[in-house]
Amino acid sequence: MKHTEKELLALKEEVSQMWKLVLSQLEKAKQAFLNDDFELAREVVSREKRVNSFELKIDSDCENYIALYNPVAIDLRLALSLFKICSTLERIADFAEGIARHVIEENCEPFSAEMKTQLRIETMFDTAIEMFSDSYEALDSENTKLAGKILSKDEIVDEIYIHSIKILAEAIRKQMITAECGLHILLVMRKIERIGDHCSNIVEEIVFYIDAKVLKHHKNKVDI
Amino acid sequence: MAIMQKKTEQKIAFTFFRSLSLVVVAILFWILGFIIYNGAGVIDWEFLTTAPSDGMTGGGIFPAIAGTLYLILGSSMVAFPLGILSAVYTSEYAGNGYIIRFIRIMTNNLSGIPSIIFGLFGMALFVNTLEFGDSIIAGSFTLGLLTLPLVIRTTEEALRAIPDTFRIGSLALGATQLQTIRRITMPMAFPNIITGLILSIGRVSGETAPILFTVAAYFLPKLPQSIFDQVMALPYHLYVIATSGTDLEATRPIAYGTALVLIIIVLLMNLLASFLRKKFRKL
Amino acid sequence: MLETKEIHFYYGAFHALKNISMTMDDHTVTAFIGPSGCGKSTFLRLFNRMNDLIPDTHLTGQCLIEGQDIYQKTVDVTTLRKKVGMVFQKPNPFPKSIFENVAYGLRVDGIKDKNFIRQRVEESLKGAALWEEVKDQLKKPAFELSGGQQQRLCIARALAIEPSVILMDEPASALDPISTSKIEDLIHSLKEKYTIVIVTHNMQQAARVSNKTGFFMLGELIEFNDTKKIFLSPEKEATQNYITGRFG
């Protein structure tokens, strides 16, 4: 293996470490929210610092790699993709932290199981996390076939979010929950929805890296 | 210790080489010194400007000096154009085919032929067949043929020493091959060609055998009137007074003087060669 | 416009160029990259018929400049070479003055008008971004210039005969980085007026100076496309392996 290839693989390895960390943040945030687990939420908040320092490290490593090795073609695309993916991962981790903070700051009664099923909030969490781990799978196996699958999952997430607005509005009107708590829930769901969007961005970067196709800002991105 | 040993080996080897080259120089100085010591006394203005007299035991060597200069001039006029042009052809135009290789081998063989054979050939062709008689023109042609291989070879080597990048650079600017030779290759090769030419002149002035049957006169106190006249020449004169003069003992100083003059002429030629070379190299 | 149609080229029995068809537009810089011995320099030399100088070579196919086949019997090689200038790997100024070097092409063309020559020499030196450095020492021997200046002098020499195409065979490979960047800047400004074809071993250089890049391997033109495309997302795996250094 060439020296330059080793450098690039090391970079890829760092990103996958960060990926694992962010994934565990997401899962913990989900557990903390669904179970109102104060302790777990605190853990997520405190771990956010590690994610941030990861981002800085990968940023500078990418810069160094580009500056020193003048990569072209697939090497350049991978370096650029990793650079962007890394900052997206950081954003996703921010959302996980945000969700955890909601858990810490809100003062609501744990909402009813009926409401949970109605909102499909667990499905939403799971789908977003699946998107996230699938996109890792896509990068790791350099498989763009997964991309279509991931992008279609984003539609599910979006659909759940749009639906939740109605349900929450209804619940508030019927005074099943307080307006404050309703907004809290909506904000959390909004964050999950954003996580889905960011996963889509990651997938686009991966497709750019592997196939040199630019998917961004295309209308019908699903049918690759 | 191996390093010490290597160093000692080196020292011994180089001392040996150095002393060998010093021996060569010493021999040269010995010869020169011997001739100067014996010949310098005879040389004066009269020696250089008058004809021999008293059965070669007196007078000067002026006709022989003049004759040698004529022969240098004549053979140059034969050998230089012919040699340079054929060298230009073989090295610039002709590529590297069978014919060219054959020509090259033949040129080399030509330079290996003993000079006395040239003398005999010159006599047969120029003196007898073409009926030039014993004359400057017959001698010049003979000497010219003798030096031709040297001129061709040095010119070829001078041309080949010019890197192809210059030729290609010129051709790429739309110059023809002839323009390239005239404007780039020849001017660049000129200093080295000059050296070859002057070396060949040195050879001409020293040869005895080729002029023996074609031009040289035993004794001819007057200067030639045309190129069909005979002349005296320094090397032949030297040979004559050293071996078959009227009084060998009496002519001995004159022989040394003649030898010195011959050496000085060759030396001057070489000086001129290096002067011209330096001058042209500056351009 | 330069165009080749199904070019095959042989050195003796060696098949050096295999079926190459391509077009190069006016006022663009086209770079050829590829491993040593891939045929890129041979291909470059087709356009001013420098390969004619090598014995025992053989060509089939068409090589067109402005629609005219330059290998037809009616074409005069010296006229062609005045139209298609060339700059070589090692700077090769003639052992003449700076002025005479630039004037050389005009002189062999039979031009005698001194004012015209002087004017053209100045224009050419300006065009090669050398005028400011040498305007006071035009009589100085060209050998006394630095390597980078010598190379720009060779470019000026080529410009003096007003070619429409300039071929460059690794023009910066013998130069230091600063001289190299000057040559590259020069290439950028020259493409306003000339069509430039450059062969280079330095891929970054090809990426920096050219509009289009052709990748040669074993006598074949593997890929020919916009330089951006070649260096960001080449279509052929061989191209990618070569430019990313994974070759062989």
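We call the chains A, B and C, going by the order they appear; numbering starts again at 1 in every chain.
Here is the rule we use: a contact is a pair of C-beta atoms (placed from the backbone, for glycine too) under 8 Å apart; a residue touches a chain by one contact, two chains touch by 3 or more.
Predicted, not measured: the structure shown is a model, and the values here were computed from it.
Counted as hops between touching chains, the shortest connection from chain A to chain B is 2.
Distance from the centre of chain C peaks at A, each centre being the average of the chain's Cα atoms. Across the two interfaces under comparison, A-C and B-C, the one joined by more C-beta contacts turns out to be B-C.
Among the chains present, the centre nearest to the common Cα mean is that of C. Our note on geometry: chain A versus chain B, Cα centroid distance of 94 Å, whole angstroms.
Taking each chain's centre as the average of its CA atoms, chain A and chain C sit 52 Å apart. Averaged C-alpha coordinates give centres for chain B and chain C that are 47 Å from one another. Every residue of chain A that touches chain C in the complex is listed here, in rising order: 2, 4-5, 70-77, 212. Chain B meets chain C in the complex at residues 95-96, 163, 165-166, 168-176, 179, 183-184, 187-188, 283.
On the side of chain C, the complex with chain A involves touching residues 203-204, 207, 230-234, 239-240, 243-246.
Contact residues of chain C toward chain B in the complex are 48, 50, 53, 55, 78-82, 85-86, 88, 90, 92-95, 104-105, 107-109, 154, 157-158, 161.
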